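Please read through the structure below; I'll follow up with questions.
For clarity, chains are labelled A, B, C and D in written order, and residue numbers in each chain start from 1.
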Amino acid sequence: MVFSKYKDFVEDGDLVVAWIGRNKLLPLKIEDGQTFHNQYGAFPHSEMIGKRYGQQISSSAKQGFIYLLQPTPELWTLALPHRTQIVYTPDISIIFEKLRIVHGTRVIEAGTGSASMSHALSRTVGPSGKLYSYEYHASRYETALQEFRDHNMLDEINGNTHLTHRDVCKDGFETEGLPLKVDAIFLDLPAPWEAIPHLIKHVNRNGTTRVCCFSPCMEQIQRSASALQVSGWCDIEMLEVSYKQWTARKSRVIRVDDSIDRLKEVKRHRTEGFERRKERQRLEKEFAESAENGEELNDSQVSTPSEPPSKSPTSTEKIHKRIREGDEEYEWSNVARVDSNLKNHTSYLLFAVHLPSQLDNESESTE
Amino acid sequence: MLESSPIIQENSPVFIKLPSENIRFVTLKPNNTISLGKFGSFCTDDLFGKTYDETFEIYEPKKIRVLKTREVQSLEEENKTNKELMDCRSNQLMSQDEIEELRKQIKEGGLRGEEAIRQLTSKSLTFDQKTQYAQAKYVNRKGEKYLQQFRALRPCLETVTEYMLDHDQYKIMELTADCSTYMMTLGNAQPGGRYLVVDETGCLFLGSLLERLGGDCKVTLVHPNEQPNSSCLELWGKEYTEESLVEKGILRTLNWLQVIGPEEALKDMHVDDCTEEELNEMKLRHKKRYESRKASYARLQSSLEDFEKGNFDALFVLSNHTPMSVLNLLLPKIGSSRPVLVYSPYQQVLVDTHHELFKWSNPCEVTETNNEDITNDESSEKHELQDTQNAWVEKLIMLDIHEIRTRPYQVLPERTHPFMSIRGDMGYVLSGLKVLSSVCTVAAGRFPKRQKQGAGNKKKANTRV
Amino acid sequence: MVFSKYKDFVEDGDLVVAWIGRNKLLPLKIEDGQTFHNQYGAFPHSEMIGKRYGQQISSSAKQGFIYLLQPTPELWTLALPHRTQIVYTPDISIIFEKLRIVHGTRVIEAGTGSASMSHALSRTVGPSGKLYSYEYHASRYETALQEFRDHNMLDEINGNTHLTHRDVCKDGFETEGLPLKVDAIFLDLPAPWEAIPHLIKHVNRNGTTRVCCFSPCMEQIQRSASALQVSGWCDIEMLEVSYKQWTARKSRVIRVDDSIDRLKEVKRHRTEGFERRKERQRLEKEFAESAENGEELNDSQVSTPSEPPSKSPTSTEKIHKRIREGDEEYEWSNVARVDSNLKNHTSYLLFAVHLPSQLDNESESTE
Amino acid sequence: MLESSPIIQENSPVFIKLPSENIRFVTLKPNNTISLGKFGSFCTDDLFGKTYDETFEIYEPKKIRVLKTREVQSLEEENKTNKELMDCRSNQLMSQDEIEELRKQIKEGGLRGEEAIRQLTSKSLTFDQKTQYAQAKYVNRKGEKYLQQFRALRPCLETVTEYMLDHDQYKIMELTADCSTYMMTLGNAQPGGRYLVVDETGCLFLGSLLERLGGDCKVTLVHPNEQPNSSCLELWGKEYTEESLVEKGILRTLNWLQVIGPEEALKDMHVDDCTEEELNEMKLRHKKRYESRKASYARLQSSLEDFEKGNFDALFVLSNHTPMSVLNLLLPKIGSSRPVLVYSPYQQVLVDTHHELFKWSNPCEVTETNNEDITNDESSEKHELQDTQNAWVEKLIMLDIHEIRTRPYQVLPERTHPFMSIRGDMGYVLSGLKVLSSVCTVAAGRFPKRQKQGAGNKKKANTRV
């Protein structure tokens, strides 16, 4: 699987995730002869081949650079082409915790969507696990199929992922007549309650099966919760993932004393200005008097006092110049900022558990 | 690889969850009686062969049976309905949560509890609250008395962490399961990986990592004492103990002194070879000791060699030590294009670390392969190496501090709302990705105007990325 | 009004809020002759009279102290006897922002409950504003009435608050036949939608009227939102107040070097121990030999090496001793902690606006 | 007192909210045409006499009428239904919020917008998204084109703050309305109060405070420049300008130089008295100047006297200066049992301040009255004062750092959820309460065992309370 093992060097045909700038990642299929362009110049693929993963590549004109990163499901989530609203890494990681996604877990996922969840699932369940992914939408199915094939994830080519084109709400999850049993189920559907009745065929007979419904609206959650309870699921839990990302920044330390010094400086300027004004008035008066007396004064003499007063390098002007964050001439304190645009909500996460003892209930009720 | 069965077996580890919400940990030795105090007792043998996570009822002294899901549900519903009875008057009466909180405080004992009771029973309290409080108490007592049942939970990230947070939150650095799972996910933890871990949470994180990877990995644990503190590992069962993991080749351990002075560490551990003759003459006790010391030496040697090789797939740091003092020693050992994760209970600690990591760089040599070079052109490869060896540094990009929490809800018909109060303290995670960078980089994605690649030789390339 | 103006000295008959300990406040009615007791001793009221507000008072036995604080609605909220779940200051402050509670605002509040909101409203609308508070529950009404009287809030004794015992859902808000019009309405009721139809009689004819429904459950909000829309309210907004309280703490700075030093120390001890062990073995051997030779060695000589080795004051033992947070012998960094018990939810806040133009609609529809 | 009418009048300030959600501020001069660009234009006179907050439709060029609530609602519903059409496919399609976000980015122009378009229109985009995007764009354009309407909002804490956050968030230190209202509430702001304020948010906070108190208060504003920056005040109307407030006796201003050196500041401002004769001889211009300088001097003198008197009812600090450097100078001026509030955009700044405030104490004299003493026993009062004058310090208790945010929801039938994204940066508030404490206190609520009250004379009483 492309995504599963680390390697050291970039080879022809590799998929890399190119780091273009902060929060800007782009998938790049390395093909000798091709060239990647951005606003800083051209990056021929031929120069990428043989480089180390993680290495910086400069453009031909040496005006810009990119980093060649080896794809992981998390980098892919930041770089992938959006076909639908995607499931982001914070939600994925909490779902893994609650659904107990580990090495060897067998999972159903519907629908595939932009496949950010699929990549993470396939990676984590590993070669001894299995992912059954279902997509209703024809063109999204085709795109995902190609993507899974390119990423060597498909079970037909030694991967662990099985992709089915299916409306699971209508037709359920049965595949090729196999007695499909899974440990975990992830439903990212507009109406999960329509798919829930089909799940009972696929729960473990000898162990716990867990389900997660991922829905943006409260009302969807309420309907799914009822459907789960009716189907005999227990431990119904609902939660939201609250996630924030911070960046370290520096905030300028200015003390009141600094401002007092500046005020004193301003006052001194004004006083000097005032005295200069008085001096000028005196000179003007003298000039007028001397003019009356037929004398003349050199203009330059009059203008002399208007030269800028003496100044210390740490005074007024500095305040108004644009100061670079962290400039070592100044004192700074370490602070943190969140992004100005905060993700406030993705979806509600509804979890439930199915236990083998429930199956006894069912057989009883059929008796 | 570590085995994991959904079926409870002899010597299985199990977390017993009582109706009071308390959790206890037991290893199920055969033919043993486990007493749950007022909830009754049961014989371990009766659990063998059952599936984890089911609810068991003690229906006669020492007799247990699996409660079918519907039975559990109806009991739970009755309980919930009772609670709801009080909750539905909602904001016009003291809330269920407030009563719960008071009850909790009372249980904890001490002054605060007394204060709470005093507050509740003071003359300012009107009659109906007293009734309500009595009602809540009654329901609770009833639940604790008549529900002679328990759940037998399987060890997992969530359960083990919940248990540890309840029992000794400072020992595990207040690490939540949410932070652990997020670190593993961002760290691209996957079967077959090779990880460098500093874990001072009693190895709670390490246990979670091994659970997720099913033991299909190689982990080097760096620790600050003579022996690592790995007391949480046993909560996943005896296969997870340090000794067993080392034996299986899953775990290697190194302390900081061994990390900074590998030669001296080896010298200290060195045992002179005995001749065949000497061995034959030795007492069995001495021979065993000799062999064990030989094995220790070999293990240390191999651990150090593996460590020196570097190129680990990820670095996970959960340490009481200042993160930068850890990172300075370990970052060079991580592979390029691989993630670095640092946990701290405090955001401020990670903010300082973040600033230092902006500036962190480590001069390095970059070997590049080339499709032609790999096989037959060693000299030209060497030439290229010569060209660039002073011009490259290791750096971290994509540095971010993450706060991840879950917000649980009550989902009852007509009564949907977030739980009124939850645990407050939860840590933070710093993440970054290691790259190889030309030393003259100064701006994201762009070279400085007059400093083309290779032109400068500055140590500090303060690019913010 | 007791709560509205600051004064400097505690007088007989005053209501004070006694600070007993962190997060422990208690209302105290000062009555000469009375005594307050807590676990640290007795505090006679007579010693409080004449003291400055904010001053520390020690118990008669000088073993403990309290602070005498002048009540504000915010301190009262922390000290008041709970009759119902109360509205806390963060929610109150956001409700004030959204309902535009300012000097002079006329407000309806139902129900009164524990009256934390009533005190804040009465304070902020001030002498030129007016608070109409309604309580359904008879004994809560009586208690609140007494409290408002004690706190000089009632309009009948120069205050701005009018308290009515009424089931507003059934009987509406009309008071003594007055044409009651208000600027803001706060509904803290189990079923606000039952009270909403009565509101239309009390909205301003020449200005905006704003309403807030305060409900813990999502379903209550959904029903109230529909009721408001049906009654012609617009700008329907819903929000939750997310509030956290932090305390500054210190976290110990320990570097890997410190641990390496400790490991070296341990190693040195062990080596010394090893050498001592060898020395002892040598001595024991000598002793055995000398014993054979009829000599005897003094016991004390043998035991000498078992004395503790030399040690530096900053080594091993220190690590194990309990260190006080902020101890100046050690290095610390400033951090922040939230309370271990976090308020995750109080209630949802639903807001809506009524505009005079809506009244035109109504007169039209009656035509 | 500041007047405030729910009716729009000549020279009223008004915030015009456009269908694009943009807000503009205008002062309604009589007989003036206000152009709203593509949304049309209207004559100010037509707004006079109308109530604030209504929605107006420009139904003919320059003709406006009030839209009745039901009309607005039905238009809004149509708009919402359109949005919902796209939203209800929810997580299986690009969400409304994502589209909104893209659209916002595009509007802002520049690289990010281009990137967004590129992302949307790249070949990887399937046909139905293009359709959806086109649809969203169409709806939006339609709204902007056909909804020739606007709302005339009244200035208030919420609206003014929203306007400033949109237009210049750094000028107002990113202060949210949520923080302002919380500070005023915790600060017990009430009509008739006397407040000490340091406000470097362009006086956005001061304006909010005056709005809440209806101007029924006395505020001393301490500022770092020759003149205070109070540019936000005019957003509440011309009654709120600094000049008008000073004239009404509501506002006094002092800069830091005047605060630390009142005598020198007065000396600098001093104007020699002119004799009646000299005044009569003066030119009108000079006389006016003389009088204005005399008035300035008198104002400064009275401001300084009032400041020196201290005993303010609360201290509000919103400053770019390190909080402790401000607090050291101003805390002694606050009355005992009164609150202190400090705002900062950064938690870390307040954490440091919090630590310093734990330690802050200021030796003071405590005068106590006694029912008998007040009138007739001055000597014994003096005696008591003597007894305690070295034993008391001013301190702060109940120190806490608060984080307060609001989390808005979409409330539509079957579509209830929190908004997908909101503004991220929001500040923090530190609060404390001033008390008078015996210097020998060391533990909360309890004296140290061997140091009874009055026994010690330590400067630093590090009680954590």
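Points to keep in mind about this one:
Note that contacts are C-beta pairs under 8 Å (C-beta built on N, C-alpha and C of every residue); 3 or more make two chains touch, one makes a residue touch a chain.
Quantities reported herein were computed from a predicted structural model and do not represent experimental measurements.
Of the two chain pairs shown, C-D and B-C, the one joined by more C-beta contacts is C-D. Note: centroid distance chain C to chain D, computed from Cα atoms, is 24 Å. Computed from the mean C-alpha positions, the centre of chain A lies at a distance of 35 Å from the centre of chain C. Rounded to whole angstrom, the centroid-to-centroid distance between chain A and chain D, based on C-alpha atoms, equals 33 Å.
Chain C has residues 24, 218, 244, 334-336, 348 in contact with two or more other chains. In chain B, the residues that reach two or more other chains under the touch definition are 347-348, 351-352, 407-408, 416, 418.
If touching chains are joined by edges, the resulting network of the protein chains shown has some other shape, matching none of path, cycle, star or complete graph. Per the contact rule defined earlier, chains pair up in contact as A-B, A-D, B-C, B-D, C-D. Listed in rising order, the residues of chain A touching chain D in the complex are 24, 39, 81-85, 111, 113, 136-137, 139-140, 143, 188-190, 214-220, 244, 251-260, 262-264, 266-267, 333-348. The touching residues of chain B, when paired with chain C in their complex, are 88-95, 98, 101, 111, 115, 119, 122, 124-129, 224-226, 255-257, 260, 268, 320-322, 325-326, 329, 345-349, 352, 407-408, 414-425.
Contact residues of chain A toward chain B in the complex are 4-6, 8-9, 11-12, 19-22, 24, 38, 40, 49-56, 58, 62-70, 72-74, 89-90, 92-94, 96-98, 100-104, 120, 123-124, 126-128, 204, 206-208, 218, 221-222, 225-226, 229, 232, 234, 236-248, 250, 334-336, 348, 350, 353, 355-358, 360-361.
Residue ranges on chain B touching chain D, taken from their complex, read 347-348, 351. Listing the residues of chain D that touch chain C in their complex gives 4, 6-7, 51-55, 66-70, 72-73, 76, 154, 156-158, 177-178, 180-182, 184-186, 188-193, 211-216, 311, 313, 335-339, 347-348, 350-352, 354-355, 358, 366-371, 373-374, 397-409, 411, 413, 416, 418, 428, 433-438, 441, 444-447, 452-453, 464-465.
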